[in-house]
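One structure below.
Order of writing sets the chain letters: A, B and C. Residues in each chain are counted from 1.
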Amino acid sequence: MQSFLTALERTVEAILFVASEPVSTAELTETTGSSTASVEAALSSLRCHYEAERHGLTLLALAGGWQMVTSSDLEEVLLRFRDVAGSNRIRLSKAALETLAVIAYNQPVTRSEIEEIRGVRSDRVVETLLGHGLVRVAGRKKGTGTPLLYRTTGRFMELFGLDSIAALPSREELEDELANASETTDGVSAFSAEREGE
Amino acid sequence: MSYEVVTGSFAGPLDVLCALVESRSIEVSTIRVWEVISLYGKYLSETERTTIKELAEFLSLAARLLLGKVHALLPDREAAVFPEDEDDVPEDLIRALSRYRPYRKAAEVFGERFRARSAFFSRLGADEGPPIYDLGDLYALSRLWWRLLDRKRGGAQGDEEGYEDFAWEGVPMAVPEETQVETRMQEIRDLLDERGEVTLEELLAPVPTKSVLVLCLLALLELSRLGELRMFQKELFDHVTVVAL
Amino acid sequence: MQSFLTALERTVEAILFVASEPVSTAELTETTGSSTASVEAALSSLRCHYEAERHGLTLLALAGGWQMVTSSDLEEVLLRFRDVAGSNRIRLSKAALETLAVIAYNQPVTRSEIEEIRGVRSDRVVETLLGHGLVRVAGRKKGTGTPLLYRTTGRFMELFGLDSIAALPSREELEDELANASETTDGVSAFSAEREGE
């Protein structure tokens, strides 16, 4: 067996790597400009190479074509990686960030107020935010049902580089760009009108 | 994901000046306003894709140069104005240019890096799904809030995420509650300063929503706790009068 | 050189494959339970293997971690592939690159500081960079007006092939390069003459 990949093999490898779904042989021949037979040979040789050299990757023949996947015996460690990556880099879904935004700008605020603004149930996202230590329960609202009130935490301020809640960007700060854009356009139309008039 | 750097245009007026100097068309120490204007004007007329933005930036540069001249010509400036260099570029522009140049170079380096990096592709499939935000992204946080608010205020229809349309009424104001109470307290103070005495009815009458009503009551309670006002009824079922102390 | 991958190498390979973004050495050691030294050895050996056997894949040190990507010489053929061709293209103007450079070298920096250096209003270009996730708001500057502060992001490092901000040429290096260039071109020397004269 050859010790290195052919030009076609490495091209097929790169295509399968970037592909989001299984790739058909037809598509591989079209992209590479090689014959079906060569592409099929390259696929099978690539798979043999992965196996012989004990790569962590392999090729699967699926209904739609070929797909690059990790070796099945690595499942456990990959699940562990997901946990590790998930806990190391805290990333928030749009729903979570949106909820955090509602709490930050309206604190102290009850869950039903959050839900009223967002228009969707928010119990689980609030749990997530509590779990990350980004929001905390800050007492109960007086009145019927005395619901819990939520506030952001010191950790939130630290992570977002804020000295105080009042330091949250105002609408003007984030959106004066749009206002400027329309100003420029107005100025422009006056300008071009003038030029046309010349 | 693939990347592309748009080239061909200028990054700004300082970029234009640098380009002019480097092409030896002019010397920076002897930049004359009319020279810059005619050279840049020529460039703009030769470039077919001149945008209005570029024109505006050019006008702003020309204005800066002229302003420099005006300053130099003012009689009370201590630097004597010699007739032969009355057309010279203002000092601050030269300083601005030499401060700017390393960044212009850096932008070039960045462009090269960007292009070089774009030849490598990472996996596309894996990062599909809902957009996720790095924790600490204040911009994303803030933008989400203001958009949410606009959607509610505009009574927008449910969007791709399936939000339902509902009335804006009753949704808290977009400022922390403490601030709202403080604002209302100040309004009441101002009113009392002006009139000395108001009825509770007057204070509560123009409120559009329950939460604003609650806010107003909280403000009154806080002011009375601070000893700034007093509320009383002259007789049973009479109006409640609020007076400043 | 050994002809097949070790258990650690194939595990690292599989992790980098599923991660699709840079993974730090710390995350790799935590997931695999191996020492930092072994993980680093595995990464470098994996990269050598890819190169020696002419794989279509390679490893890049980006944003403080490692990312698996396709070889750069396959750019052309991959641009023909549907998933790549159909993906979002980020277009960066010269103004965007310049603004990014000002932010990268001065972070954290306010918009008015950016504008002072660039000599032109920069609100819209900053907005574009924010939208692409290349810069982010990182708190407020203390003092009058408490303006927002901007920083570059990990994504910036990822897209510009940087392992860290320190990997950028220093401002001094850039200035030296300009000074050297000016020795050869007369027009440019006007700048240095002015600066010496100050």
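Please note the rule applied: a contact is a pair of C-beta atoms (placed from the backbone, for glycine too) under 8 Å apart; a residue touches a chain by one contact, two chains touch by 3 or more.
Bear in mind that the values here come from a model prediction, so they are computed numbers and not experimental data.
More contacting C-beta pairs link the chains of B-C than the other of the two pairs A-B and B-C.
Taking the mean of C-alpha positions as each chain's centre, the chain lying farthest from the centre of subunit A is B. Centre-to-centre, using mean CA coordinates, subunit A is 19 Å away from subunit C.
One finds 27 Å separating the Cα centroids of subunit B and subunit C. Counting only residues that touch two or more partner chains, subunit A has 14, 17-21, 160-162, 169.
Multi-chain contact residues of subunit B (touching two or more other chains): 121-125, 134, 136-140, 142. Subunit C contributes residues 17-21, 58, 60, 67-73, 75, 78-79, 83-84, 87-95, 97-98, 100-102, 104-105, 117-120, 130, 136-139, 148, 153-154, 159-162, 168-169, 171, 174-175, 177-178, 185-188, 190-191, 193-195, 198 to its touches with subunit B in the complex.
Interface of subunit C with subunit A (complex): residues 3-5, 9-15, 17-19, 23-24, 26-27, 30-32, 49, 52-57, 68, 70-71, 74, 77-78, 80-84, 121, 123-124, 126-127, 137-140, 142, 146, 148-149. Across the interface of their complex, subunit C is touched by residues 1-7, 9-15, 21-25, 27-29, 57, 60-61, 64, 94-107, 109-111, 113-114, 116-127, 134, 136-140, 142 of subunit B.
In the complex of the two chains, the subunit B residues touching subunit A come out as 52-53, 55-56, 121-125, 128, 130-146, 148-149, 152, 158, 161-166, 170-177, 179.
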